[in-house]
Amino acid sequence: MAEQPQTGSLKSRTAIVVVFETFRNELDEHNDRRERLIKNSRDVTNLSKKVIFLLHRIMTEDEPTPKPNNDRASRAAAKGREKLKEVQNLFASIRGEVEGDRFWRYQRNVSPGLQEYIEALSFAHYLDTGALISFNQVQQSLSDEHGVPYFPLTLEDYLLGLSDLTGELMRYAISAISQRGGRTIAREVCTFVRSCRADFETLTPYYKELRKKQAVTSQSLQKIEDATYAIAVRTSEYDLPPEMLDDVVAMVSGS
Amino acid sequence: MDSENLENINQMLEQDAELREKIKDQVTEFDKKTRVMTGLLNKIHSTPTNQLPALLDSVQPVLYSCSDVTAEIADLVPANQFWRWKDTWCNSLRNAVFVATLIEFLRSESLMTIQQVSDILGIQPSWKDRFVLTAEDYLHGVISLVNELSRLAVNAVTMGDFEQPIKISNFVKDIFAGFSMLNLKNDTLRRRYDSLKYDMKKIEEVVYDVSLRKLAPSTRDA
Amino acid sequence: MAEQPQTGSLKSRTAIVVVFETFRNELDEHNDRRERLIKNSRDVTNLSKKVIFLLHRIMTEDEPTPKPNNDRASRAAAKGREKLKEVQNLFASIRGEVEGDRFWRYQRNVSPGLQEYIEALSFAHYLDTGALISFNQVQQSLSDEHGVPYFPLTLEDYLLGLSDLTGELMRYAISAISQRGGRTIAREVCTFVRSCRADFETLTPYYKELRKKQAVTSQSLQKIEDATYAIAVRTSEYDLPPEMLDDVVAMVSGS
Amino acid sequence: MDSENLENINQMLEQDAELREKIKDQVTEFDKKTRVMTGLLNKIHSTPTNQLPALLDSVQPVLYSCSDVTAEIADLVPANQFWRWKDTWCNSLRNAVFVATLIEFLRSESLMTIQQVSDILGIQPSWKDRFVLTAEDYLHGVISLVNELSRLAVNAVTMGDFEQPIKISNFVKDIFAGFSMLNLKNDTLRRRYDSLKYDMKKIEEVVYDVSLRKLAPSTRDA
Amino acid sequence: MDSENLENINQMLEQDAELREKIKDQVTEFDKKTRVMTGLLNKIHSTPTNQLPALLDSVQPVLYSCSDVTAEIADLVPANQFWRWKDTWCNSLRNAVFVATLIEFLRSESLMTIQQVSDILGIQPSWKDRFVLTAEDYLHGVISLVNELSRLAVNAVTMGDFEQPIKISNFVKDIFAGFSMLNLKNDTLRRRYDSLKYDMKKIEEVVYDVSLRKLAPSTRDA
Amino acid sequence: MDSENLENINQMLEQDAELREKIKDQVTEFDKKTRVMTGLLNKIHSTPTNQLPALLDSVQPVLYSCSDVTAEIADLVPANQFWRWKDTWCNSLRNAVFVATLIEFLRSESLMTIQQVSDILGIQPSWKDRFVLTAEDYLHGVISLVNELSRLAVNAVTMGDFEQPIKISNFVKDIFAGFSMLNLKNDTLRRRYDSLKYDMKKIEEVVYDVSLRKLAPSTRDA
Amino acid sequence: MDSENLENINQMLEQDAELREKIKDQVTEFDKKTRVMTGLLNKIHSTPTNQLPALLDSVQPVLYSCSDVTAEIADLVPANQFWRWKDTWCNSLRNAVFVATLIEFLRSESLMTIQQVSDILGIQPSWKDRFVLTAEDYLHGVISLVNELSRLAVNAVTMGDFEQPIKISNFVKDIFAGFSMLNLKNDTLRRRYDSLKYDMKKIEEVVYDVSLRKLAPSTRDA
Amino acid sequence: MDSENLENINQMLEQDAELREKIKDQVTEFDKKTRVMTGLLNKIHSTPTNQLPALLDSVQPVLYSCSDVTAEIADLVPANQFWRWKDTWCNSLRNAVFVATLIEFLRSESLMTIQQVSDILGIQPSWKDRFVLTAEDYLHGVISLVNELSRLAVNAVTMGDFEQPIKISNFVKDIFAGFSMLNLKNDTLRRRYDSLKYDMKKIEEVVYDVSLRKLAPSTRDA
C-alpha cells in the first residue's frame, strides 16, 4: 500500500479504508476477548455454585459418631477451599486478557462469575472462622504465589458477593434447626446476618444493586429470626436445658 | 415463498395444531384422575390411622387406571419429541407421582423409586423418546409428598396418633439427605427444595412436642 | 454397596442417598451439556453476524470496472456460503449432544445461534437467487454429506430467522440507493419484502415471537417504501430514462 | 465486618466519591467548551462559503483549549482506570471529535485521523491507561460529522453554493466505505451507522437535483 | 365524517362518561358501607365469644341498608349493560358477601348460599340484565371469609375460647372440599383458592396446639 | 358447602367454560375471514389504480360472508351478555370495520357510517343485548384506515398515481377534524388518535412533494 | 391513635380530596377551551395566507376568555400551594402558550415573551403563590409552536405560498439559537428540544426545495 | 427570542439548578442523620428490654439535632415553594418520623402525634410555605413503625421478653383501627396500609404462642 494514512488527514477512499481496517481488527479482537471472558465467567459461576452445594451437603449430612459442629465446619471449609482452587485457576487463566487498563473494560463481563465465587468463598470462610472474609483476603485469594493479583478486586463485586452470602446462611440456619445442636447454629447465624445487614446498610447509598440485594438480605434475616423465635417459644414451655431437650427428642424419635 | 415450501409449512403447522389438541384432551383426562385422587387422599388428615388402608384401597384403582392415559399420550407423541410436549402433562404427572409415593409411604413407610412409579403408571421402556418419567418430575412429586406429610404430622397428633409424626420425621430426614446430594440451579426445583427445610422444621416441632409430653410409646417404656 | 435399591421401595437413608446420587449425576450431566450448547450457540451467532456484514460489504464496495449487479451478488453469496461452512461445522460438532430425543430438550439453547445462521444463509440465498430459501434447503444445509440432518430444523427457528432477514434487506436497499443501479435493487427488495410480510402474516397466529418480529418487518417495509417513493418523486420531475439520470449524476459528481 | 476491613472499605468509597466529583467538574468544563463550539459551528448553515474560514478561525482557539481539560482529567484518573471513568466524558469527547473533523473537512475536504484528533486535543501517548481517544468514540464523532454534512448539503444549495454538495457527497461516500469494513454488534454504533445510509441518500438527492438542473460548474462546461 | 355520524358518536361517548360518573358515586357509597362494616367486624378478634351476638347485631342494619345502594345502581345501569359496568362495584360487592357470610357463620356455623346473600343485599330477580351476584363474586367473598377465619382461630385461643378453632376447622374443611370439586380456570380465583391451603394449614395447627394441650373439652377426652 | 349451593355454582362455571369455548371457535372463524381480507387488501400498495376495482370485487364476497359469523356469535351469546363477551371478538370486528371502510373509500372516497358498517356485517337491531358495533370499535377501525391510507399515499406516488394522495389528504383531514371534536378519555383510543397526527403529517408531505413538482393535474395548474 | 390526632389528619385528607375535585373541574373547562382553539387553528394548514387574519380573529376571543378559568383556579388554590397542584393544569396551560405564540407569530412574525403570554392569560402578579406561568411551561409551549410551524412550512408551499417557509425558517433559527444557549437538564424539555432539530431540518429542506426551483421572490434573485 | 426574554428565562433555570444542588446537600445531611439513627435503633432487636433506655438515650441527641437540618432547608426553600421541593426530602423526613415514634413507643407505649413530631424536628409554624410535616409523610412514618414492631414482637420473645408482644399488639390494634377510619385513595399509602394487615396477623400469632403457653405473666392467669 503506497498510502501513508498516518502523515495527514485522509484524502482518498483507499486511505480511509486502510485506516478503518485497523478499526475492524481492533473491534473484532475486543469482541472475541469479551466472548472468551463471558464463557470463562459462566464456568466460574457453575463451579462456584457446586461448591456452595458441597458446603451445604457436608454441613447437613449424617455423621456416624457425632462430633462438635466446629470439626465438621472446618472439614467442609477445607473441602470447599480445595474445590475453589479450580475456580482460582480459571481466574489465573484470564490474567493476560484483563491486564492493565483492560480490566475495567471487561469488568462487567467478569463480574457475574466473580460474585458467585465470592459468595462460595465467603461461605467457606464463615463456616471455618465464623467471620466475614475481608476485602484483602478475597483479593489475596485472587493472586498468584507472589501475592500479585490476577486483576484488581472491585468493592462492588466484593459487597455484592457477600450480600448473596446471607441467602445461603439463611438456608444453612433453617436446615440446621432440625439437627442436633442446630439451635446454637441458628442463633449464631442470626447474630452474624444481623450484623452483615447493618454493615451493608451504611454502604447501600453507593451501589444501586446492593440496595436491591439488601432487601433480600432483610427477608433472609427475618426468616432466620422467625426460626430462632420458634425455638425460643418451644424451649420456654419446658424447664429443661437445651442439650437435654435434644437428648429426649433423640431418644423418642430413635435417630 | 414458493408454493411448495408454503404448502410444506402449512402441513407441518396443521399437524402440530392437531397433535396439540389431541394431547391436550388426554391431559385433561389425566388431570381429572389426579384431581379425584388428591380429593380422596385429602381425607387422610381426618381419617384415623387404622382406617387408612381402606381409604388407600379406594384410590388404588384410579392410580392403576392412569396407565390408560399414559399409553394414549405415548401413542400420540411422535418419535423423539418427548421434550417438546412434556410441559403439557408434567403437572398431572407430578401429581400422579405424589399420589403413588404417598400411598406407598402410608403402606410401608418407604420411598417408592422412580422405576416403581414408572411401572405403576404403565410407562414402558420402549417409550423412552416419547413418554418418560424424568428425575425432575419425580423429585417434584416427592417434594409435594413431604409438603403433605408435614401437614399430616400435625393432624395425626390431633387425631391421637403419636407415632405417625415420628415415622414421618425419620422418613423425611432420609429424603432430605437424598436431596442434599443434588446440585441444583436457581429454578423451581431449588425453590421447592428450600421449602422442604421448613417442612422438616415443622415436623421436628411436632416430634419435639410429642416427645417432651412423653406421649409416644417409646418414651412411655423408657 | 450391599443395597439393591432397584428391587423395592427405599427403606433406608443409604439406599435413598445412593439413588439420589444417580439423580445428581444426571442433573450435572444435563447442566454441563446445556452449558456447552449455549457456548456453541454464542459462537454460531458471532460467526453468522460476521457473514452478514461481509455480504453487505461486498454489495456496497466500489468496483474498479462496474459490472452487472448480478455478478457481484453471486460473488458475495459464494463468499458468504464459504464462510458459513464454518458455522455448519459448529452445528456438526454438536450433533452427538442433541441426538434423538435430546434435541427438543436443548432446542431453546441451540435456537438463538441457529436463527442468526438462518438469517445469514437466507441473505446469501436471496442475493444469489432473488428468492426465499425454503425450509428443506435450510434443513439440507444442516445435514451431513449423506443428507442426514445434524438435528431436526424447527419451523419456528426457520421463520424467526427469515423474519430477521427483512431487516438486513432494508439496510441493503437503503444503501443501494446511493449507488448506480440502486433504484432497481430497491424496487426489487420492496416487492420481495412485501411478499415476505404477506407470507409471514398468515403464520403469525402460530408463534408469538413471530408476531413481535412481524411488527419490525412492517417498519422495515415502510422504510423501503419511503425510499422507493423518494426515487419515484425525483425521477417523475424529469423526463429522462432512469439509466440516463444515473449517467448525468455520475458525470457531475465525478464519481 | 472487622473494623480494619470496614475502615478500608470506607476509605476506598470516599476516595472514589471524591474522584467522581472532581472528574465531573472537569467534564462540565469540557461540556461547556463543546457547547460553545457547536453553537458557533451551527452558523455554517447560514454562512456563505467564502466567509467560512473566518468562522472556523473563531472556533479554533476553543478547540485548542480543550487540551487543558483533557490534561486535567488525565491527571485525575488513577493508573489503569481509563475504562472505569470514560463514560463520564465520552459525550463531550465525541462532540470534540465532531468539531475537529468538521473544521478539517471544511478546510481541506479530508478526514482527520484519530491520531490527529488525539493530538489536537492534547492527548498524550503516556496517558494510555488513563485517557485515550478510542476508536468507538472517534467513530461516533465521525458519524455526527456526516449527520451535519447532510444538513449542510441542503443549506449550501439554498445559499447558492452548488459545489459543496458534490464535495460532501464524495467525502461521505468515502467514509461510508470505511464504515462498511467494520463488523458491528447490535449497539448504538450500529444504529447510528444505519442512520448514515439515510444521510447518504439525502445528499445523493441534493447532488441529483443540482446535477439535473445543470447548476454545477462541471456540467456547465460539459 | 358526516356530521350526523359524528354527532351520533359524540352523544354516545358523552352519555357513557356521564353514566360512569353517576355509577362511581353510588359505588363510593357502597364502599363506605362495606368499610364501616369491616371496621366493626374487625373487633371479632378481640371480642369474647359471648359478646359476639351484640357486635353482630350492630352490623346487621348496615348490611340491610346495602339494598338501597344496589337498588340505586340497578336503576342507573341501562338494560343489558350489567357486564359492562360490573367491574366498577365488584370489590364492594365481594366485601358485602364477605360480611354477610361472616355474620352467618358466627351466628349459625353455616355457609350462606349465593341465593341467600343475593336476597339479603336486596338484589331482585328482575334486575338480571343490570345487577346480579355472580358465582365468581360470591366465591371471592367466601375466600375472604376463610382468610378471616384463620385469623380468628388464632385470636380465639388468645382470648381463651378453645372451641372456636375446632368449629372453624370443621367449617373450613367443608368449604375447602367444596372448592376442590370446582373446575377453576387459571385465574385470580384459582390463585386465591391456592391461598386457602395456607389458611387451612394454619387452622389445623391451632387445633393441634389446643388438642395437644388438651385445652378444648372435645379434645380433652381424645 | 351444602351440595345444592355447590352444584348450582359448578353448573354455572361449567356452562361459562363451554360457552367461552364455542364463542372462541366462532371468533377464530371471524379472525380467519378478516385475515384473508386484509391479506388481499394488502395488495392495494402494489396495484395500479385502474386495477383496484377488480381487487375490491374479490374482497367483497368475503366481507358479506362475515354476516354468517356475526349471526353465529349473536346466537351463542346469552341474552344481556354482550358486554361480557365483546372483548373476545373486538379485534376481529375492528378489522372488519377497517376492511369495510377501506373498500368504501377506494370506491367512493367517502367514509362509511357506523350504521352502514353494521348493516354490511349483518348486525341486526334485535341483537342489541348480544352483538352490537360500538362507537369505540368503529373508531378503532377508522383509525386503522387512516394508518393504512398514509402508507397508500406514498405507494400510490411510487406507482405513478399522483392524484390519490390528494384525495387521501382531503379525506383524512376531514376525519381528523371529526376526531378532534370528540371528547376522548385518556385511553387507547386517545393514544391512537394522537398517532393520526403523524399519518396526517406524512400525507401532507406527500401532497407537498407532488404539488411542488406540479405532478398532479390538479396541482399542475396551481 | 388518639382521636384528636386522627380527626385532624382525616380532615386534612378530606379537604385535599375535595379541592382536587374542584380544581379538576376547572381544568376540564380550561382543557375544553384549548381544544376548541387548537381545533380552529388546525385550519391554518389549509387556509390561504391572506385569509389567516380572519381565522386568527375567530380564535382571539376564546384566548382572552382563558383568563376566566385561570382566575377560577387561582381562587381555588390555597396560599403557597402552587407547586402542589400545578401538574393538574400544566398541559392545558402549555397548550394555551402554544395558541398565544402561534397567533402572535402569524400576525407579526415575532415571539411573544413569557410576560406577554402571562398577561394575555390574565395571570396576576399577586397570584404568585397560587398560579404562575413557569419558564418550563412557557418553553414547552414554544416547542409545540415550532413543531406546528414545520408542518405549516410544508403546507404553505402546497397552497402556493413560497414565502411563508422562509419566514418560518428565520423565526425558528432564532428560537433554536436561543434554546441552545439554555442549560437544560436531561429531562422532558431536553428531549423535546432535541426534536427541534428535526423540525429545523425539515424547514430547511422546504426552503431548499423552494429556492432550488426559484419559486420565492426572495430566492428567485439568488 | 429577544435577548431580554432569553436572559430572564436562563436566569430562572440557573437559579433553580443551583437551589436544587443546595437543597440536595442538606438532604444528604438529613439522610445521614436518619441513617445513623436507624442503624442504632436496629439494635432493639438484640437488646434486652431493660437495656433499651440506654440505647434510646444514645439516639435522642441525633434526633434533636435534626432541627438544624430542617432549619437549613426551610432557609433555602423560597417562599411558597414547599410543594415544589418536598419530594426531595420526604424519604428522610418519613424516616425521622419513624425514629421519633419508635422511641416514643419504646418509652411510653404511646403514639406521638403529628404535632409532637413536628415540634421535635424543630419545624416552625412560620415555615408553613416552605417546610411542613404533611399528614401523608407522618402516616408513612407510622406504617414503618408498625412494620418494625411486628419484627420486634418476634425478637422480644426470642430474648425472653414475653410481655413486649402484648404491648405491641395493643398498640398496633389501635393504630390499625385508626387507619381503617381514614379515607385513603388508591395510592402508595393505601398499598402500605394493606401491608399492615400482615404485620398485625404476625403480631397476633406471637401473642397466641405466648398466651397458649402461658408464658407472659398477664396471660399466665388466663
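Order of writing sets the labels: A, B, C, D, E, F, G and H. Residues in every chain begin at 1.
Going forward, a contact is a pair of C-beta atoms (placed from the backbone, for glycine too) under 8 Å apart; a residue touches a chain by one contact, two chains touch by 3 or more.
Because the structure is predicted, anything quoted here is derived from the model rather than measured.
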- Count the smallest number of chain-to-chain hops linking chain F with chain H, moving only between touching chains. 2
- Chain pair with more C-beta contacts, A-C versus B-C: B-C
- Rounded Å distance between chain A and chain H, as computed from the means of their C-alpha atoms: 35
- Cα centroid separation between chain A and chain D, in whole Å? 42
- Rounded to the nearest Å, the gap between Cα centres of chain C and chain H is 57
- Message: Give the residues of chain D touching no fewer than two other chains, as numbers and ranges.
- Response: 173, 177, 181-185, 209-210
- Message: If I count partner chains per residue in chain C, which residues reach a count of at least 2?
- Response: 13, 31, 62
- Using the contact rule from the top, write out all pairs of chains that touch. A-B, A-C, A-D, A-H, B-C, B-E, C-D, C-F, D-G, E-F, E-H, F-G, G-H
- Item | Complex contacts: residues of chain E adjacent to chain F | 1-2, 4-6, 8-10, 12-14, 17, 79-85, 111, 113-115, 128-129, 134-135, 138-139, 174-175, 177-178, 181-185
- Task: State the interface residues of chain C toward chain A in the complex, per the touch definition above.
- Result: 13, 31, 35, 38-39, 42-43, 46, 62
- Task: Under the touch definition given earlier, write down the residues of chain H that touch chain E in their complex.
- Result: 173, 176-177, 180-181, 201, 204-205, 207-208, 211-212, 219, 222
- Query: If you look only at chain D, which of its residues touch chain G in the complex?
  - Reply: 35, 38-39, 42, 45-46, 151, 154-155, 157-160, 206, 209-210, 213
- Item | Parts of chain A lying in touch with chain H, wherever the complex brings them together | 191, 194, 197-198, 201-202, 205, 222, 225-226, 228-229, 231-233, 236-237
